[in-house]
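In what follows, a single structure is set out as structure tokens and then discussed.
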């Protein structure tokens, strides 16, 4: 088999506007187990939208963007369903920015010989394939952007805004999350930014001038997100996966307290995950546990134990078609940070 | 809180005819991870329906019937999507027959004090509640049915047919799986029948006459199901959960061989489960592993790692609306067994 | 590769007497997560042993016997740590009785081509291999035993005693669970007996004389185990996996009530499993949930979320070396049932 | 209940030198499932130690340090079993540095009312409790350290070395991982350093002087770890959990290539995790999948699907008692970075 035989069926990102899950979600509301949890999560996201005071923070870890959910996240920004995004570097750079540059993810299989893929420079994410040579172009584009900037420490948010700006002139695919967020003044944070394709580009940038270069200050990210939390009063988390984005967004409540500007706990929280609570890790910790830390209020929290690609389209299609977002004012948090 | 405060919101069983998941499944087909697996499972079930030769065996373990999927299973029989059912005793007796008698499952919570439930005679299945006093009426009905029968060993299938017959005159809720299967000559097997509410009724029945009574011969079940497999040539499995029903249905291929009437491996197989392959149990073993045993052919098998309430409605709604079942001939396997 | 290349390294069953886990368990007692759960389970099993009134029921589902734990279970009977065994047919027949006949399980791999195994008549259990031709000899031995018995319904316990008796003269490997249990009057129940290699032998037996034959009455199993529960007053469950054995043993409390002889809930319970509570199945339901059903008392129950091969050796080695079993009287429950 | 009632039984960290797991590991080698995987992992770590060329990188995510494994990690550094540590900020700051300051983790329960804990300022990690007021002292100590440093961007490694230096004069508990690593010139990296208690202290530090302050440049971390990888030729990963540390350490191979200094794939890799491969996230991706990315060589990799507290003590006790580390030269990678 040749490379092109592996990379022929592109993943197509689901369009939650093209079908209406309202009836299914309403029916699931009266079931039990994960079906009911899914319906409750949809209703809770809708409540966040209806709460005029509420800033909604979307947290994304894992590879759902590569797996067909990329447009969902962009649509959540476009239709004013979320106000802030906290994600892993892989989600923002390797997946979203990567496709904005015109590249694709491909439908593959988990039952393959990884050594054969290695030889062909094909990277595998479970049952999905990527052309590694295209990823290298992505790395280099990050380097070019860094090269074009003033030498100083940046928050990841500041850097990602530059990526959004770059896309307004250079995108091959419109409506990427990075570009849509840029255009709507929705901040995107990657607290572990260098742990991604961006890291490769930035290391190369720094290696060329070890004294004078762009650096990424994750402390600044934390300051900025905490500032948003302080100014928001009410906030809600919509968490896909867990990991650093979940912990980082939760921690802003404590950080506000540390700064002497006590903020309310996150009032609403939804998490969709397959993580196993028994290992005591942050990804798997329940939202009730987060209450003991003073991060998430109890009462309006919902765990959905599912692999997100199977339930997220239902949840967001529901919220889209209920159209509570139509009357919602735009937060444009990027503006207050600059 | 009183009993009635816990038992007030009944679970409503989802009606997969009332909404059309065709568009969602078609979109999921081009995604990855569980979304694509779900779509592939729907398409594979549809292929089984289109294969004129194929007998479709529905295997059910776990509590999805209590959790809102009860009508899905009855509809699969009614609309000629499945030809044989293999299930746990709990699915058939404690859940389906129980509701046919007019009782309900109730929406509850996993975050309760089980001691308090105990005092109120409320049984809990994760986030679902049952009135234990009603379950006792169910036990007694089984005893009455046993009391009315000729004393001899029965296969569970024979006994469940008597339950179906009983319901034709006594059901408070129409269209239970037990009754619909009876009316459509679709056999239902419970290889561990006494491991359920049926067991309580039958023990009581036997205790009244320790020498002369109805007994349940699970070997006969195995003979009967193997006979169906032998006469079917082509067969497909649609498995919810795993456990004894999965193993029992798979084993008929080997049993046919033991009887000197070699049968083909099950040609198609779908399994929806959250079980973890790493423990080496049957429930969690992959359908590829079943190939090494000569039970399931490889190539047309699909695992869906999901809690079934969240994906089963999408899969069966798709198959229903594609309407391949309209031209399918009824197998009426009960007839050949009597 | 030839068959002998796959079947060359036999699984060796761990001998928990050959090493002493006391120090590790004591250290784990002061840790958290699964380590502490493991230590608590060991201590709870030890408490069951110290309670003079307590009948200890070992429930086994899954394939740990094939995976190196076979001698642990036999030793638990031999050293008077358990009084009753409830297991799947596969554990008792395909694994334990199979090895007693002189056959072996082999160390294999999960990363193989199952079609190739199929061609060689090798069956796979996750990373373990079995020679299918040897399994057929096991089937036939069951048939021979059935052929030698008076034609009537048997409980699985009665039949398994006959298997134990057979082994006293014919075993190639001493100290199998089936034989040791026979010799110590410890009853073994398989509530879904025909769902195993035994089923193949028994179907063949019945097929030769469809009117007059041995049958397996699982209702009788339930009556017998309930009788033990009623006579035991205090009881404890030690559960590996879940499935039918767990449910069956738990249900005896309810069954006693149905028979008008109310029994106390199981006072102690340990369960080792990787099952996921979120699917609402019996295997995964917590022991606290069992309290709502009036089956297991709360306060003395411990879940250990682990694949059993990794923690069971530590738990039973601890209990063995504490030597509480030395002063424990033998229950010999088989005697009261005959 | 008062705060002191919840915080009375401190977690005691297991000492893998105090017991010898050699016999258990050797026995598990001949079993199957997780037991054999555990034994293979122990043997593979031992192989890394025996390979003179090999730099061993310990990656830690999750809360095993809080749960009783803290001394294991410090001992791995002290006894020259690992050469580099990559961890989450929580592991290094909230857990290890926190205890070095004289504070404790406490044995708690997962079955508590989190609102009650909230009122008492007790934080919960699954079944483990922490005094939040003590965590605040930890935050402030970080701020003090930052205040004492020259204003410029630091890699997390540089900053953590300052924490180690601080402890040489101020530690209340000796032998913390941070201090032992400092004393042995073993670098510690936290690629998402601000996502922890350190973040709180650093945000406070920066808030006091928004123009001139210490910042944490995670790109520098990546450069430094890649430099180690380039100079190591052979490398092995020993991964607890997954998350950012796993991805970050794996990515150094690619980063070296990006810098034009191609490095070999990591030759050895062990990962202990409960993560579920089906969600396509980095934490759960298999080490075979990492081969397709050119990060981990296939052949010498071992996944252990277990909650780490239950198997890690066995693995490291084995390696300690085999004593292959006695003849191993110290890498002292910190020296080449300064």
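We call the chains A, B, C and D, going by the order they appear; numbering starts again at 1 in every chain.
The criterion applied here is as follows: contacts are C-beta pairs under 8 Å (C-beta built on N, C-alpha and C of every residue); 3 or more make two chains touch, one makes a residue touch a chain.
These numbers come from a predicted model, not from an experiment.
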Steps needed, at fewest, to go from subunit A to subunit C via touching chains: 1
Contact-richer chain pair [C-D vs B-C]: B-C
Remotest chain, subunit A as reference, centres from CA atoms: C
Distance between chain centroids, defined by C-alpha means - subunit C, subunit D (Å): 39
Inter-chain centre distance, subunit B versus subunit D - centres from mean C-alpha coordinates, in Å: 47
Subunit B and subunit C, separation of their C-alpha mean positions in angstrom: 26
Residue list for subunit A, restricted to those that touch at least two other chains: 32-34, 63-64, 66-67, 125-128, 276, 278-280, 288, 305, 307
Footprint of subunit D on subunit C - complex, ascending: 9-15, 18-19, 21, 23-24, 27-28, 30-36, 38, 63-64, 66-69, 105, 107, 111, 125-128, 288, 305-307, 309-311, 313-314
Subunit B contact footprint on subunit C (complex, rising order): 61-64, 66-67, 88, 90, 110, 114-115, 117-118, 122-128, 132, 136, 139, 153, 191-195, 199-200, 202-204, 206-207, 215-223, 226, 241, 243-244, 247-248, 251, 254-255, 258-259, 273-283, 285, 288-289, 291-294, 298, 307-308
Touching residues on subunit D, where the partner in the complex is subunit B: 32-34, 276, 278-280, 305
